[in-house]
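Following: one structure in structure tokens, then a few remarks.
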Amino acid sequence: MKILILNGPNLNTLGTREPGIYGTQTLGDLERLLTGKFPDDTFEFLQSNEEGTLVTRLNGLIEKPMDGVVMNPGALTHYSYALRDAVAMLTIPVVEVHISNIHAREAFREKSVIAAVCTGQISGFGINGYLLGVEAIKQQHYLKKST
Amino acid sequence: MKILILNGPNLNTLGTREPGIYGTQTLGDLERLLTGKFPDDTFEFLQSNEEGTLVTRLNGLIEKPMDGVVMNPGALTHYSYALRDAVAMLTIPVVEVHISNIHAREAFREKSVIAAVCTGQISGFGINGYLLGVEAIKQQHYLKKST
Amino acid sequence: MKILILNGPNLNTLGTREPGIYGTQTLGDLERLLTGKFPDDTFEFLQSNEEGTLVTRLNGLIEKPMDGVVMNPGALTHYSYALRDAVAMLTIPVVEVHISNIHAREAFREKSVIAAVCTGQISGFGINGYLLGVEAIKQQHYLKKST
Amino acid sequence: MKILILNGPNLNTLGTREPGIYGTQTLGDLERLLTGKFPDDTFEFLQSNEEGTLVTRLNGLIEKPMDGVVMNPGALTHYSYALRDAVAMLTIPVVEVHISNIHAREAFREKSVIAAVCTGQISGFGINGYLLGVEAIKQQHYLKKST
Amino acid sequence: MKILILNGPNLNTLGTREPGIYGTQTLGDLERLLTGKFPDDTFEFLQSNEEGTLVTRLNGLIEKPMDGVVMNPGALTHYSYALRDAVAMLTIPVVEVHISNIHAREAFREKSVIAAVCTGQISGFGINGYLLGVEAIKQQHYLKKST
Amino acid sequence: MKILILNGPNLNTLGTREPGIYGTQTLGDLERLLTGKFPDDTFEFLQSNEEGTLVTRLNGLIEKPMDGVVMNPGALTHYSYALRDAVAMLTIPVVEVHISNIHAREAFREKSVIAAVCTGQISGFGINGYLLGVEAIKQQHYLKKST
Amino acid sequence: MKILILNGPNLNTLGTREPGIYGTQTLGDLERLLTGKFPDDTFEFLQSNEEGTLVTRLNGLIEKPMDGVVMNPGALTHYSYALRDAVAMLTIPVVEVHISNIHAREAFREKSVIAAVCTGQISGFGINGYLLGVEAIKQQHYLKKST
Amino acid sequence: MKILILNGPNLNTLGTREPGIYGTQTLGDLERLLTGKFPDDTFEFLQSNEEGTLVTRLNGLIEKPMDGVVMNPGALTHYSYALRDAVAMLTIPVVEVHISNIHAREAFREKSVIAAVCTGQISGFGINGYLLGVEAIKQQHYLKKST
Amino acid sequence: MKILILNGPNLNTLGTREPGIYGTQTLGDLERLLTGKFPDDTFEFLQSNEEGTLVTRLNGLIEKPMDGVVMNPGALTHYSYALRDAVAMLTIPVVEVHISNIHAREAFREKSVIAAVCTGQISGFGINGYLLGVEAIKQQHYLKKST
Amino acid sequence: MKILILNGPNLNTLGTREPGIYGTQTLGDLERLLTGKFPDDTFEFLQSNEEGTLVTRLNGLIEKPMDGVVMNPGALTHYSYALRDAVAMLTIPVVEVHISNIHAREAFREKSVIAAVCTGQISGFGINGYLLGVEAIKQQHYLKKST
Amino acid sequence: MKILILNGPNLNTLGTREPGIYGTQTLGDLERLLTGKFPDDTFEFLQSNEEGTLVTRLNGLIEKPMDGVVMNPGALTHYSYALRDAVAMLTIPVVEVHISNIHAREAFREKSVIAAVCTGQISGFGINGYLLGVEAIKQQHYLKKST
Amino acid sequence: MKILILNGPNLNTLGTREPGIYGTQTLGDLERLLTGKFPDDTFEFLQSNEEGTLVTRLNGLIEKPMDGVVMNPGALTHYSYALRDAVAMLTIPVVEVHISNIHAREAFREKSVIAAVCTGQISGFGINGYLLGVEAIKQQHYLKKST
């Protein structure tokens, strides 16, 4: 399977950013974790602090779809209707992942403007959440993305 | 590992209830799915339409802890602060699972009064969500439950 | 016709509870009133203070449907999404009845979380409301339950 | 008995207006239905798209009361405090009827600014709701209008 | 001076309507009271249950202004932005009068959508409020209407 | 084409009303402007301060449809659910026009309770907005009215 | 008659404070205006920037009542529940006066936490409002203070 | 005196549950504390995780009243309108007790839907709150329950 | 023990103020009640209508602490963040007492801006509430004030 | 005339994105449509998924103004105060265009944070909305941009 | 320059009050700090727990203006519209200073009802904030106070 | 000291943008002002209209910290949780500066989603605010950034 792993603003600092909340593993560790755990699948990794770059990458999946997207939009989760629109027009599974439990932090983190157009949402399991996201795509690949 | 699979109100009707949303698999199918996929683990299955029964079962884990709980509180998700309190006093991982994508339905379904005291939340992946919940407990058993 | 008359918490006290609001007739009087008025129909009467008992009884109608339900959920009207879900999965007519005019009392009584998935709602006519509820089921039995 | 059947804005189009919601029967059918079902009672039928006309007719009942009013205020239900005041000063029973289930449609339809000063409210039973409204007035004519 | 006394919906019933709140004096009494108290001034009295009639009368003041308006919009106070617009385009003083203390009744009565474009507001003094309103116009005729 | 130009409360005062906001052109100027610009089309012009008159005219289009409606509901825009219902039952294009930019004035002017059931909304272009409205109907006459 | 004229915070600056809003007349002018206009009545004038001083003066009216109070609480209008309580326990008429039209300024000025327990409220007529307040007390001295 | 001590969901775990908040004393300790402190009074102790069980016990007091109720509804405090109704129909004193200071914790804990129909509320004094509750009943037994 | 009994605005009128709500006992009665019931303790009594006087007295406890404070802030309860700050910086127990049941009156009375930084809150037991407050301080003197 | 046509995030996918809502015409079609319809005018077309790129282009118009801007900010409409600021500092006409009727979709789409500083807003007419926008600029070029 | 340093309720306790938030320096230290840092300027220092005293001092600046005011209103910041009015009528610069970062504490601290009529606001820099406030007045003395 | 001066969207237009609000000085003037006033310090100046560019620059400070940041996020202040996260992970002082008084303009400008994780906030002093920001960093460099 071909899966896109998309990370939004500030996730480049993973491992150094507030390790009490986000752990000490880096994006590099995440890449090794995923490719190690799913050796038969192909991953494309993209992290960007730019909303537009993330939107453009998702737009590209219209012409050249992959088998699914595991996306951690970072803080854009809470206000980027542009990302929401970019997800809404895809027909492949898109899983929203959050490293921390967004329900157990500041009030603004609980609201995702994107989740409603994703297949599902996983939060609170550290970077293992990405593994669960990939697993979810593989298990239910036949399911339609929720509208 | 010993894991408690807790299901709340109306989940006894799984498979017959609005199959467009909840699928056609029953709680029996879920039991078979879990025990088939994780043959080395022990599961206790409990479904109840009674809030008090669920609270009491969770209370029992204080004296006799298990390795984790995968819980779908059904509609109690949205108002049962009693269930929240029962989860909050546990120190083992508790994963909240929802079959449908709660962000893509009626507004009241988006708010969980329980998620803030769980380890994490998984929604939108059909009954596969329970598999992911068990997986999450196994992978990160060493992690502390979020407060 | 076979009709289920479901009464929720505190309705067992009918006749003694705040008679200025709820009148002096008891649940026994209601049973006599209904069977007297509709001698050719069969009624099942169930009152419970337990949300779960009411949910379970409604679940039973999936396998063994009746011709309709007249339900006064009592105070559960205002928060029991579990009852809502139990009604939503039925395809027979369900009428929500309130003895008092819920629009003319405390603000919280005006909101029903269940009415949206019932066929209709009748409030303000004392225990005559149950008669009107049965009448409604009989008259429009062919109508589909609103979604 | 003498009963006033009052219909507000757009109800003149009954039968042609969104039949999926409001059915195919017209106001003429309603008149025939009521006089057929209650041959011993006298009905006055008034439909108007003008709030003021409805208010003025209700004002007339102060000097020359009838035995009750069955009123479908149409969309005025949601904002006409003038109609509310006109109902509040009557002492005969006034029943608010809605053809569709106002709890199962747009959010604004759920709020009635008038219901609090009516005897009761009936919604969701198609034009049969008017029959139930008349029935309600006959059954409980002795009851005081709620304040 | 020439002053327009404008009364909105249901004020035709003054004297019979909820006398505990509105007193027992009628519109006729009000006319006699005003002309008796201010014999040198000319009054035009208009009561209507129709929002449009009130708007149209106010529109007429653009071409043929008078010295002021004392207006009790009745329940239209709380939602008629059309009346507000009709007042806003006048340059003569307009006084909003309420018979009862609108701050001491139902919550919806406290909000006037019109007062912001009137010269001022007087409430709570029974029909004497109209006297005070005329007095206010006379005393400060030179003041500009608030914007 | 046959197009109905509907104007609501206070628009009869166009040209004299707050010219800083609404300009100095009158309804008569508007009629000349439209018939001059679109000589091959037929226009019916109706202005009323009465909500009911506007509703009744729209009701008339069910039996005798025209090719479209350009409607400026004036202040009724913000609360007349009766007008909304009258528009909702039409299948011809209805364009909501506002002379001023409703987003740049008082907060209450920003909310239209009618726009959701119109084809589209145009605001801020003075009386040229009516020209744009007619243009819009002509260009996309084949498009379905939004629901 | 003996009437207390109570002025709250910042009203000592009347005449110098934002004359565009509050005019150029001072508290001294107000005293002369009132005693000139009502030569047969006795006035007590009290202005204080201290909430407690105003409360204490009102408390004094329990033992030694006067014939009425005309009170401009200044900005305390919007938050002083202590003043509200002090008014609520009086049985003589209390009139709330505001110099400017509180509905035509900042949103916070529109809400009075005191008006609900006064006899009535007068706003928007400059310092003439005090004259109207005294007039109101004289005219309806027999009326009970609203609760 | 005969006093009912009612405890709601999760209070069975007292002493083990989050001792930083709820202390280390158990329900057994509470029983000993109360009977030791008030040796001349009779107590009935009931704890249940079931809302319905609590409602039913309170219903029983209609027929067989006691001298008062000290009730800690646990998390049901925040949503159980059924418990509220069960309290509202009693005429004996009912005291709502909370072990922790509900104003100093999560926002949802500050709102009690039951307190408005109790005699009074005591919170923040640990299990001593029950002692104070009994004391309150004894001291003011003659007082009427607030409505 | 040395305990400060602090009373806020309008409590000087106790016994005369709305006796239906606040009873007929005066502050003098309260003093006698407390010193009679707790003869071995020393009380300081302070009532003031001035927020600043209350704040200053509480500030004095930093240098010269007593064993506790029983405080009825009167209407300041609902808005005096200054009192809140003055309480928050103390480390001795502070009990907030209300004579009436603040949950059973106007909506604004239900919110205390101070309770969150007190040890606990007691409301609804008339002036006996002060006795319970003293009792509470004595019983749990060793407990830390909640933050 | 020289007019800038600005398109925001995801509008590059026009024609492929949810054609049921946005139609099947592409940005290329739009360019041909505009240049075909207005052969004497010059258009600059810019689409970007980057908020910053759009802001920068608008900034450029300060030094080198054009005759107007027709702008579809896409989802940025709902949160980009940066775009709002960039528009607010221009003095040429700026027209906000939306392809779909933003009042007939999700609630968040109804709010534009930009419209208040544009000349006007056009929504619901498909890509014809751009034609209307250009027309609007041409017709009223002399009008000042609303503030 | 002559500058007034105004401190509100509880700031007399500076240095002892919650030193983790407010530091250990006292008002005396602040005076020494300011006079040491700005030896050529004259300062008047006033701290009061009384809202009225602060208002009165500000009123005095109308007749005898100084060069600016640095004001920390303490908790009055959040509700004293009386202070707001007293600031609004001054034409000299007024700087609002907060010792702690009011955006990083309880929600109620974030809202200042006074800041809108000050020149500017400085928060979060400990007692150095007063230095910055004086600096701000000196640097921009020529700037007009914001309205 | 090494200090980063960060400016967000539209601040490149300083001097030309609404000079009534933002003054006539440009970013170039600001650079000269800062380097002139603090000749011994080193400044890095960065302005960008791109949220991502600002986030990335702040991320760079984790590895290579400077002595502080003075940041004017422009309109991103009101919605960029991504910037907030980027600030939150720094341990050096970050000062949020606004040129205008954000409390005296549109309501949306009053809310900063970033200030809670900055050291402090300065607004209303024109470009002098940057000077004050640098001063603040220098004075209290030893203080910890607020969390």
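Brief remarks on what is shown
Chains here go by letter, A, B, C, D, E, F, G, H, I, J, K and L, matching the order in which they are written, and residues are numbered from 1 within each.
Following the convention adopted for this analysis, a residue touches a chain if its C-beta (ideal position, glycine included) is under 8 Å from a C-beta of that chain, and two chains touch if they have at least 3 such contacts.
Computed from a predicted model, the values in this text were never measured in an experiment.
The chains that touch both subunit D and subunit I are none; no such chain exists. Sharing over half of its contact pairs with K-L by residue number, the repeated interface among H-I, G-I or J-L is H-I. Subunit B and subunit F carry the same sequence, and matching their CA atoms takes a turn of 120 degrees, rounded to a multiple of 5.
Counting the residue numbers that touch the partner chain, subunit K and subunit L have more than half of them in common. Distance between chain centres (mean CA atoms), subunit C to subunit L: 62 Å. One inter-chain figure worth recording: subunit D and subunit H are separated by 46 Å, centre to centre, where each centre is the mean of the chain's CA atoms. Look at where the CA atoms of subunit C average out and do the same for subunit D: the two points lie 23 Å apart.
Here the spacing of subunit F and subunit K, counted between their Cα centres, is 54 Å. Residue positions of subunit G touching 2 or more other chains: 50-53, 79.
Of all possible chain pairs, those that touch are A-B, A-J, A-L, B-C, B-H, C-D, C-H, D-E, D-F, E-F, E-G, F-J, G-I, G-K, H-I, I-K, J-L, K-L.
For subunit A in complex with subunit L, the touching residues are 8-10, 12-13, 16-18, 48-53, 74-76, 78-79, 108. By the touch criterion given at the top, residues 50-53, 55-56, 59, 62, 79-82, 84-86, 88-89, 113 of subunit E touch subunit F in their complex.
Interface residues of subunit D, counted against subunit C in their complex, comprise 100-101, 103-104, 112, 115-126, 128-129, 131-132, 135-136, 139-140, 143, 146-147.
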